[in-house]
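Right after this note come the structures.
Two complexes come next, and they have one chain in common, subunit A, joined by subunit B in the first and subunit C in the second.
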Partner chain A sequence: MLHRPATETQITHFQRLWLYMLVALVFAFLIIPCLIVIPMSFSGSKYLEFPPRSWSLQWYEAYLGSSEWRAATFVSLRAALLTTIFATTFGTLAAYGISRAYGAASSLARGVFMLPMLVPLILVAIGCFLVYAKIGLNGTTTGLVMAHTVLALPFVVIAVLSGLASYDMNQERVAQSLGASRPWAFLTVTLPQIRLSVMSGALFAFVTSFDEVVIALFISGGQNATLTRLMFANIRDQIDPTVAAISSLLIGLSIILLVGSHLLRGREDRK
Partner chain B sequence: MPGRVEIRNIRKAYGSFLALDDVSLDIAPGEFLTLLGPSGSGKTTLLNVLAGFVRPDSGSITIDGAEFLLLPPHKRNLGMVFQNYALFPHMSVRRNVGYPLRLRGVSGAELDRRVEEALGLVQMAHLADRGVNALSGGQRQRVALARAIVFEPSILLMDEPLSALDKKLREHMQLELKRLHDRLGTTTVYVTHDQREALTLSDRIAVVNGGKIVQLGTPDEIYDRPKNKFVADFIGETRFLPVETGASGALLYGRPLRTRDDWKGATGEKPWLVIRPERLRWKGDESQTANRIEAETTDIIYQGDSYLITVRMPDGAELDLRRGPDLGGKDLPERGQPIQLWLDREHTILVADKS
Partner chain C sequence: MTMVLNHPGIADADHNADALKRQGSRERRVLASLTLPGAILIFLVLILPIGWLFWLSFFGPSGEPTLENYTRMLKPIYVRTFISTFEVAGLVTLVCVLLGYPVAYLLSQLSERTAGLLMIFVVLPFWTSVLVRTYAWLVLLQRTGLVNTWLIDAGVISTPLPLVHNMLGTVIGMVHVMLPFLILPLYASMRAIDSVYMRAAANCGATPSQAFRQVFLPMSLPGLAAGVALVFVLCLGFFVTPALLGGGRVAMWAMQIANNISVYGNWGAASALGVVLLVVTGIILYVFKRLFRVDSFEGVR
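Our next item is the complex of A and B:
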């Protein structure tokens, strides 16, 4: 088996063994930190420990039973949904504009839209905090959604730009010649064809906002504290396995989202 | 009959590059007019000006008397077919063709009837419910055509619609396009760089070069009476020989040349003799000295439908002549042997570098 050729090039599986092992190691490093948190969440102990010496569901109960955790979850979900809506809309329009424009203006716009990814997050957070302090946006959903939208924009722009790269703009011209105004041509011809890119951009935007902790630490608080902020505070002050339980739930949610989008995509390809 | 186009003094510059240089052109209702030119000549720019995708710097376009220049593309009611078809891949054939009708508020049985009718015209009715990705290139082009004519536009614009097809299909589609045009009578502006396609399809051809219309005329006018060296060179497998003009008329290698038209070039302008392979005769009347060319055979190539014979002039210039294969190989000149050629007076055309 090991000495059978792996490809047309006659390289055997044995000769490739090192490659398989390297890949296995990379996978292990990627996956284990995520998996380790799951047994910890079922711990019967009062502290984070691995492996747990006894098992229980108490930390899931602690999470679901706490009004504080539930409120924070709601704040995070609301912020993430609003961020998704704004970032996807503006990001898609920006990507469209960048892909249609030529020359220096287009490159400049592309650079500006990538900035939030390049600037250290802590600087964005401090900047937001100082400006918001003056105009009274600290601790508000509006402030949080604005900051998260800025963070999420580059992901949407990148995703939609890649979708537009393989899209034939002549189709929109044809639609116009057939009687569609430019916005209508975009909505009926372009958007349906790049919707997978738009959706993956939207998914990134949601996750960017939902996962974000640095900005949330600075500008969210009180009634509008996000889930991540509360988790961070919990680790600092109490270190109980509630955080592990929440993390496990989040991992589950991510897997569902990923598998869902994958299935959608598969159905799309078959059509 | 609607579909009269008047293009007046259209100018379009991209920086210092003049894409359209004061172009004026009248297109009659129902006419099939081809813009023929090399790439970068401005023919596609002119088509895009008509479609409304390019706004010229100055000039005017009226269609049936109404000014179109400032109208956005979607209000022009022009059918357009693109080189790469640009069908909407997320819609079926039927929905593609119905798209312009739905935009115009047509629905229900009327929509179905008109879509069927348009698809029938291009012989695609049987594939109406296919996805467009399942179609071949020729079928896609037919659907694109059906979509462009289904809303009965006053003008049909086509931008090299057949250039992505292979030769055989292209020639077949040319005939279909011609028949469709005869049947619908829609004014058509067609862009191509393929001279044979232009000759096959057009009522009139506008040869475009350097942002200008160099010559406008029927296919036989363009082929047989080229206005200048560019047009003669662009159409047909043309070679040129330098001609001297003396007191007694035109001279080719010292022999008298009887031309169809007298040379009317400006002083100091050099005339060129236009020679096309199928117009050269050999084995003519030996006593006829005018329009005779003495040469030497250098190559004989059998090309299936004809022989291509290459000959060398006294000054080293090479010419091709084409001969049908009807007499087999026995009547061919021999390689390396002198050969005498004649040009009939009606095919003896002189052109200048510029007109």
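Our next item is the complex of A and C:
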């Protein structure tokens, strides 16, 4: 087995055992930090241990029992849901416009919608902080959702554009020629066929907002401090094992979202 | 045929052309209006604030016009920050290439199914919050953390090693965050390389390492360049991980910007630093795009 050729150039598995080992190590490096916190969060002692000598739910109780953590979680969830709604709507509209238009206008629009992905976050954060201070949006959900929507737009536009690329626009023209208005034709003919792309865009939008730290550090605060802002301050100033419980919950959430996006992509490929 | 000829519209073709033109410009207005809600938001949250910061960067603390914010950057303290930022970014990128290239290569050689399954190791970190992963590294690397505890229990060391709150911890944490950004575009470009080329090289008498160096490696370069540019640029503006794992010992560009505002309230200095960061980022992306014909930095996620 080990001495069978593994590649077109007849290298055997044995000859590239080092490659398999190196890749296994890199995988371990990538995955261990994502998983190790979970067992530790169930530790029964006053400190985090691995493996825990006794088990308990104390850090989960501390998290759920704290009104500060609960409020921050609520703020983050609300901002993420609102961001998902706005980014998905605006992003889908924009992607439709960009895909139907051609020439310089189309590529200009495409460039503008990719900008939020390329500008360093710290710059967006202080820029928003500056502008929001003048119009009283610092510390508000509105301000946070506006900024997060902008960050999420490129992901939605990219996802929907790729969905539209494999969609035959003539179907919508047929619907129009049969008397459907344009918005109606889009909603009943186009949208159902690109819905998986739209949904995967929505998923990206949710994660972008829910996990965002730098902008939240600058413009969220007081009653509207996000979960990430609270976690950042907590990790920097003291290491409270409660964060381990919250982290484990967040890792659980990312596994769910990962599976979700995988299923969406799988269905898309099968189409 | 006769029916068409008898069609009344043919008589005034000019009229038809006008109608088509009107229709075309109406179409363009409709399409443009669809991008408006998003474009307005991007203008309000991104373009306007950055324009404002650019304007502010030419004024001193008391509002007098000055170039001081830019000339100040030549002072040793700022120069040190730039150097250490580029050092960290370069080191992290280098480690990412050394670790990421073999992974992407091996994945690209496996069947789509196996590679898709193994991809979980790359994609799960990607979907996990940077904050959560940074916290995990802190738990692993701190003085009383897992790594030190294990090493001491195993008798390898007697006093805890300083693994975090320094350059080492920062680099480890950043590599963990950046590695997927390198592997994903690189893997996609390697997948697109037809295995026929390698077989042809072998048939023409190339040794396996010759075939790899002269055929595979050059063809994987555009994908590698896209990953390298992305990772390097993301490192330059990275805030969260260096702020938490650097322990104040690793001066990074983004932290300098944040400190100028939260500690000194000096908007002019912060703006100038931000403007230069943006320009440097733009130049690097543009150069890579031109040099390596990188098609796009899109679709990384």
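To be clear about the criterion, the second predicted complex is superposed on the first by the 220 of 271 C-alpha atoms of A that agree within 3 Å, B and C clash if a C-alpha of one lies under 4 Å from a C-alpha of the other, contacts with A are read in each partner's own complex, and residues count from 1 in each chain.
Everything that follows uses one rule, which is that contacts are C-beta pairs under 8 Å (C-beta built on N, C-alpha and C of every residue); 3 or more make two chains touch, one makes a residue touch a chain.
None of the values given here were measured: they were computed from a predicted structure.
Undergrad: Looking at the combined model built on subunit A, do subunit B and subunit C fit side by side or clash?
TA: Superposition check on subunit A flags a clash between subunit B and subunit C.
Undergrad: Look at A:L196 in the shared chain and tell me whether it touches subunit B only, subunit C only, both, or neither; answer first, second, both or neither.
TA: neither
Undergrad: First (subunit B), second (subunit C), both or neither: which does A:G97 touch?
TA: second
Undergrad: Does subunit B (first) or subunit C (second) touch A:F50, or do both, or does neither?
TA: second
Undergrad: By residue count, is subunit A touched more by subunit B or by subunit C?
TA: The larger set of subunit A residues in touch belongs to C.
Undergrad: Report for A:L81: first if it touches subunit B alone, second if subunit C alone, otherwise both or neither.
TA: neither
Undergrad: Could you tell me if A:L64 is touching subunit B, subunit C, both of them or neither one (first, second, both, neither)?
TA: In the superposition, A:L64 touches no partner, neither subunit B nor subunit C.
Undergrad: May I ask you to decide whether A:T228 touches subunit B, subunit C, both, or neither, giving the answer as first, second, both or neither?
TA: Second partner only.
Undergrad: Overlap the subunit B and subunit C contact sets on subunit A and report the shared residues.
TA: In subunit A, positions 182 sit in both the subunit B and subunit C interfaces.
Undergrad: Could you pull out which subunit C residues touch subunit A in their complex?
TA: Listed in rising order, the residues are 27-28, 30-35, 37-39, 41-42, 44-50, 52-53, 56, 99-100, 102-103, 105-106, 109, 118, 120-125, 127-140, 142, 144, 146, 176, 179-180, 195, 198-199, 201-202, 206-208, 211-212, 233, 236-237, 239-240, 243-244, 254, 257-258, 261, 267, 270-271, 274, 277-278, 281-282, 285, 297-299, 301.
Undergrad: Help me check something: in the complex, which residues belonging to subunit A touch subunit C?
TA: 6-11, 19-20, 22-23, 26-27, 29-34, 36-37, 40, 47-48, 50, 89-91, 93-94, 96-98, 100-101, 105, 109, 112-131, 146-147, 149-150, 153-155, 157-158, 162, 182, 204, 207, 210-211, 213-214, 218, 228, 231-232, 235-236, 239, 243-244, 247, 250-251, 254-255, 257-258, 261
Undergrad: Help me check something: in the complex, which residues belonging to subunit B touch subunit A?
TA: Interface residues on subunit B, with respect to subunit A: 51-53, 72-80, 82, 84, 86-90, 99-100, 103-104, 131, 144, 147-148, 151, 157.
Undergrad: Quick check on the complex: what are the subunit A residues that touch subunit B?
TA: 168, 170-171, 173-182, 184-185, 188-189, 192-193, 271
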